[in-house]
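Pasting a structure here, questions to come.
Every chain is named by a letter (A, B and C) in the order it is written, and numbering of its residues begins at 1.
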């Protein structure tokens, strides 16, 4: 029989007996960041592709959620900080080694851009909106003229933001569950999927709904592929990663992951969308809500489970 | 419903109104933007002290920060007990000071509407109450009917007071509940007791044999340090223990003995060493008597014979004996410390002493060195009156070889018994939690119930505190002066303890209490000085030092006055025994009517479904007295019951599962204890660390944490030679749910 | 200069003095610790082995915590000691997540705290509190670049290991086995 125990010390709050330093704030932050990334990605993508008028919801309506999601996300991140009065220290330095620093600065860029994007389309919501100040009016006109350029910038930053939500976790070599480079693309795809689902939900145009339903289906397929690949990778890897995978293959997260994330969050909405695309009517809110639900649960489980996995020595 | 005269009173939050100090956070700067710098040594002040967390009494320095708050404690580099390194308990001594559960004011028992409770009292009131009661008892029953139980430095002053008052009944549980058998055994063998610290030359030994001693888990600081030095120097360690102790894991040979069979192993070792002629012939011939008798005595005690009893393979017994012989005379068969196990403990310790004698270890480098004793002169005062009753009255003529009053003897002599013409009427209890210390709690309670005065002097509200008529809150060792520490060692040394911080709340030093009491009972001439400083300074000046000097150096060493550390080449040493030689055959034991040489007797074994309860120590705690220390509970806050995986499987027990214990007499543990399934314990025994399972709710960190081994010890096997209380003959079984029908000992 | 520690598992008795000495020296709050003791038991009665390890921050040469820190609060001091500026720490927890040894904790005041190798003592030529208190003298501290330092001498003559070498952190706390 082998025994390995702490005979003294190690009762540090949130570290022992299992690491639990990140609570609900981080998964919420990651979800909102991913959602905003998805929304901004599609908005800028269809602007760049010159289909701004064809996919009005994607470009003009849905992105209004993005700044709110980002601000709420940042607020959640702020709540996570345990030395809050020193929050500003994040912006006294840029540390390229640190995904946390990277994310803080990305958000610093993306959040204002998302506000600008919404401002450019504010007349869609309030047709009689008046910017009042001459300078602002001039600025708006200039931005409208250079909207393509702005869209390119947002496109790039939205991808960075989407990938970042995964890299924040995957940069932690110490947590075997997170220690895989597939987490970046997986979180990006998941974020895009929640973005597409939101657009689909908000859109009143059947064609647009159909397009985003198809995009969503494709993203779900890619996501499922990544998830399978994730576990294949773990099982073919080191002992600690095999241990990590076991949490999902018979261990404590098996049920919640496969039922809530893969089942209710991916397969059920995908099936509903296939049914919808095949002509039968399904209220669009159902698959969209399920995808959003799956997206947030996915992040909760990944953050929670990752903290449970550790190096053994 | 008849209530006891002495109901147990839970000490409530009396005195808690005083400002609660929590441990200060040093380095807090009002300017929150500044980085928190670590504490700076150069801004600290240090005060000499010696540790009171255990009896090893290491000398060190208590540091205070810029604000004068107690910060940390470190060892004094000149001190032979600690060599500048305190053990975890000593380092965590600050926690004793910062413990907010401490006793805060004097308390007096009173009865209001038939309910007994404590009320706060002033010092004058409390001490006057005691003085009056003492005088009444003295008139009615004689002054010798007052006894003192002490396991702390403060005992010296109360002892002085009692002796002046006319009583010699002063006892420490550390004798009959702990090391007494060993003292008697070594005394009758070598004519010298071992004392504390034991004169073991571990640092230079080539072979250290631990039989039931778990050095490393018991942190006898100097010995643990020297064991480590010995390991560095390549010494062999042999450990005999039914449990794979920490020391066993450092050993070349571990002998996983069946419990209660140690004498058989010792006899087999003696057999091998004599019959294979491995003993130190010259030494034995010159210095011992009774070799031939011993040789005949152990003739049949072959390793093969012992195998059947101890379950240790003959080959292992022989190999370990050869290892000892190879190292002879630089070998130590460790006498242990807590040796009251099976009631034949003096004889077992005789086996240890004989083995050491055969190997020529006594008085030899790497064996037992000759310690240099040193005494400070007593402050001038009148002679003590001669007490009319002695220990023989208390023990009814038994245990003549014990050279001190026995705690359990006094306890027994405190219960009403028509056959005895003498009964104790008052107890002073200083720094020892008798409820957890004395076996047989029922007897202790019976004694407490008929006493006319119980005074508890302590820092913490322990279980015993609830039985007091008067509780006197003693300040911790970090807040007071005490006697100068003079203990035997390789060279004579003395160490000073002085206050490093102001006493918290209304706590006072024992010296002050004893002196005030002396004034109140008209014994002022015995305390003929104004302050404790004056007393200490006078004593120190007699040996060419002063309080002023000691405050600076903390520890002062002197040269050895006599002897060498070891016997000189060609020296024929005199031993303080009847024959003047080392007595392999004890004439003293023979005269008292006991076996002159140790004999193996079989002890009862656990019935089916029961396991022998073995208890021991953890390095982070001193018995039950540290169980509430915040720093030390941080290291270990409960004990667990060690169960062999085979047994655990049989019972379906899992790690961390709480279970209740029930002993052979149907006593069920008050609290559950968590299971540790481990290969480190034999299948016929269970193990737990002593000192947990506190029942006093005022100990907020200790209450209900783990279980109390003492509660399970109801079968006490008394050593007929010296009255030691053997406690290892108790067996427990498990309950996964709290049993309700069985008798439970009320707390 | 490269500070390192070597801990002799053959001498350590797991008494936890290092833990409490650190707590008092550095004023680590009650309930928290910067170092701790692990007991590893292997075998079947009576063929058994125990390894006792006093563990703490490994002051890695390739510290993931310093890389993970978004503000630079986690930094290397002279001699490679990894430390935290409390007034630059935002308490985001990234360094805690990044440490394979779980050696960091969140101080009740909000910042992240950890073993400092007692640099405030080391600067003055003293040894870390845990090393200087150890009753078994089983800990060695010193400069790896100095071949006469205690730690260099031990590593030259004894077999040793580090914890979780596969994590690639290059730990500077060595265990003599």
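Note that in this section a contact is a pair of C-beta atoms (placed from the backbone, for glycine too) under 8 Å apart; a residue touches a chain by one contact, two chains touch by 3 or more.
Small disclaimer: the values here were computed from a predicted structure and weren't measured.
Here the chain at the heart of the shown protein, by mean C-alpha position, is C.
Pairs A-B and A-C differ in how many C-beta pairs touch across them, and the larger number is found at A-C. With centres set at the average Cα position, the gap from subunit A to subunit C is 37 Å. Centroid to centroid, with C-alpha atoms defining each point, subunit A and subunit B lie 63 Å apart. Residue positions 32, 620, 634-636, 678-679 of subunit B each touch two or more of the other chains. Within subunit C, residues 14, 16, 19, 31, 33, 41, 43-44, 52, 86-87, 109, 111 each touch two or more of the remaining chains.
Contact of a single residue of subunit A with at least two other chains is seen at positions 1, 3, 7-9, 11, 85.
Of all residues in subunit C, only 14, 16, 19, 31-33, 35-44, 52, 64, 66-73, 86-94, 96-102, 104-106, 108-112, 163-164, 166-168 touch subunit A in the complex they form. On subunit A, the positions that touch subunit C within their shared complex are 1-16, 19, 21-22, 77, 80-87, 89-90, 92-93, 95, 97-101, 104, 171-175, 238, 307, 310-313. By the touch rule above, subunit B contacts subunit A in their complex via residues 32, 620, 634-636, 645, 677-679.
Of all the residues in subunit B, the ones that touch subunit C in their complex are 23, 25-27, 32-41, 71-75, 84-88, 91-92, 94, 215-217, 219, 221, 224-225, 227-229, 231-232, 244, 246-250, 254, 256, 619-620, 630-632, 634-636, 644, 678-683.
Put simply, subunit C touches subunit B in their complex at residues 10-11, 13-17, 19-21, 23-27, 29-31, 33, 41, 43-46, 48-50, 52, 85-87, 109, 111, 116, 118-121, 124, 126, 132-138.
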